[in-house]
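Below is one structure, written out as structure tokens; comments come after it.
Labels run A, B, C and D following the written order; every chain starts at residue 1.
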């Protein structure tokens, strides 16, 4: 079994000495650094870092690391920071509608223990995928959202998410726009897959638009959901070639293989705390 | 040396029997088909075909093929058609501004005889690349276009293009928008390279916009120029990965390698008569 | 529902007039051609074609097409040919060992009706994936092959395949080499996925070898199985970037996403009769 | 103009505290770190780091940095290290034979000042590319190597390289194997482009072998030259799709576009001191 590590994500105004200060803090307390990645955004004067170290011989107990770091280091650089532990098991909820390709891809990884995650629920506005959930023995919740009941339904969904202490919501081709209220309750905790190479073709029916435009490459984009539709911080994108010979159905079919891989990559990065968000952009420490 | 072949590009309403009719016409006149590609656009009910055959034993002399085909076959299907000969040497003009990467890529292929083409002129609105033209011994024409003299300058450019019987105009990162008048005189004969993955980031400074948006992939798009800026039929696209660690300068640098290859691929397809345009889209017979 | 089409795959020595003859045969019998792709391998003097036409108004009844074609057309060009019907439902068997990613990918497509296929059995030399088969309600057959019982076990497997009239065997990361006897009974009917970019790293542990060599890109290759290990006709390949920062485990993890997609693409091409094999190479009519 | 930075490449046995020690050394001497990348090869217990800092306010003068670092830091961890300065202009020699595509790509970048480099000579075993060198006004040296005169010719080449203080030798499709003696005099200072996806198809005529094998993707590989042919540390690779429809000539043509880009990327990485070699593998700090 893997040893437990601590992971620190930091961003703050760029100043001289940050790396030296943080690494000295870890080193002097016997923390062996496993990975360190830093990024300076010179256009914004912003310093970002992800640092992971072994807890085995670290002198500060895990439950006090945050406190010590916050007291000893943070004030010197006015840091934004988050602390995670590699052994922690996330709770993840999946939202789906009728299409199964992303759901199956996620569940296959789940069953193969590819991720350190628990999936206590799958939520849908349709009933089509209930049998899949049953086959994988995951509770299925049905919320038949309409224009009229949206507010009420979303409140129940949020209540359910809260009750199960869900840390990550994955929209696996969920064909309902979440309300701003919903989104704002889970900042940088909702990942969506959009079936185009954003910012090209936002909104509905991107494959139809791509076909209409005659593009030679189609794409998929995973991003954190914000209140601006399809405009949240991009996590991962990928593309594949199409030709004049591909129909819209071919676009959709080829796109499915992109979507599921691009979504799963984004989930994977999130679960490993490799994503840092600022200015509506992601830093991917990969 | 390669034997001379004839190439026929056809598009018309899809009906039963077109392939049989055309191939029978060639076969009965002793034309050995080298390549045949057909495409049916079911959404438009449109039939497209590119067919290439050897002239060596073909019973109809090259200068009469068009006439015979037009009389015997075309009326049956109300065809749009063009006839080309593989041995024909195109005349190509290159428009540049200050950046040299696409120009060098084209000239390197020119010198290596990669294309069956003649380049009688390079036209620019700046003087920076004149030495490159001299090194490659290609006449350089300087048209310092301003808002005031644009009409007049373009007329002189068109006159020059006409005088030299230019068939293909390549905008190799030419940073001036051609007027509608200019464009309309060379339908499907002007190829541009746009430094983004269209339709994302049309217009000016696409790398800046891509950086701003935080995309994870950038692209380049070659297309025929129409009077709608960056909206002409797409010929070829390609992409490359970028990360948060890439500055705008890195985007530009990575993009250059895309641009030159994507532009040269489009030129190559055009010169081999592998492109058919309808409905503002290209069929690429590759 | 899609109309039933007939599909003809042909290869023979290249001669003048083949396309005209075949299309005239279809046309004169009222067969509307939907797609036609031809390929001439000039290095071998070999002509290949895939032609698909609508049966709706075709004058020759489906069960007599083969006979008529064989009598009227085949002898003129000494053709190798196969005839298929688009509505026909293939029977496909899957062989697995312990890894589930390819199996899940196939079953997800199966459940989503992505392919016109029936999967009457999953065969394994291990028990690990039996619960997956149960969840998807597909009969699981366990053949614990050892060096001693291999001949006997394979005979039982073949018997089972024959009994269920299996047309396609998919080795979905099946970690047992099939005997020459087995392979020879299913020529061009067994598809394997090899976890490297063949011909680099054939045989066992390709990711370890790739890591050792320090490659910057890894790949996966689907191919028809022949009696020469990892040397059968390649159907499809794809690759992904790796870096010095990726461990062997990272190679394996990234590779899994390649393997499942590359294998499923190969299955898809086979099921649509888009693959023609000669000279240990495939022609992919895509 | 860019400010001058110092760049330190380090590798040594992995131990706790290296990053803290090195960053503290820079920080306490007022060196502002611009980029820091570290890599731990857990399979070898090897620590690698590239660190770049501004010299502007750094208290140690550039010509004493190496001495101080060697005295104060190196012994603690038994480090292998190299120190570079970003403003330093490399001297690069190019070896070519008859093909021009890589040469043109390099020279185009040279003329556009893409690299901080000087090219005092182009060496060839053929005369074909002399006019290109003249057009770009770079001295051309002709060494018509034969089996008989190889030793003598190479000695003259080495003498010439030494006389001009050449730091990097680029084999831009140079079709002569360098002798072991030659190679050993320039460890990790000779970059070759091999026209295949190594380790597939080493040696002569890889495109012919790739065509013969029926691969669906071809590649190119840039690597440092060692005395084992095509087995040196891989710097960069890239690939492109081919199909059954591509002839060997098409493979060669598509391959050229790969080769020139992959070679230029490797040169670029080397010139920026982003490459660290150990165990016949590269760490690419990109």
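Here, contacts are C-beta pairs under 8 Å (C-beta built on N, C-alpha and C of every residue); 3 or more make two chains touch, one makes a residue touch a chain.
Please read all numbers here as calculations on a predicted model, not as lab measurements.
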Problem set entry | Copies chain B and chain C touch via same or different residues, half shared test | same
Problem set entry | Farthest chain (mean CA position) relative to chain C | D
Seminar exercise, completed: Chain-centre distance (mean CA atoms) for chain A and chain C, in whole Å, is 36
Exercise. Taking each chain's centre as its mean C-alpha position, how far apart are chain A and chain B in Å?
Worked result: 41
Exercise. Within the complex, which stretch of chain A touches chain B?
Worked result: 39, 41-43, 197-201, 213-217, 219, 233-239, 243-245, 247-248, 280-284
Problem set entry | In the complex with chain B, residue positions of chain D that touch it | 99-101, 104-105, 107-108, 111-112, 114, 132, 135-136, 253, 257, 261, 264
Exercise. For chain D, which residues count as touching chain A in their complex?
Worked result: 16-17, 19-21, 23-24, 26-28, 30, 32-38, 40, 241
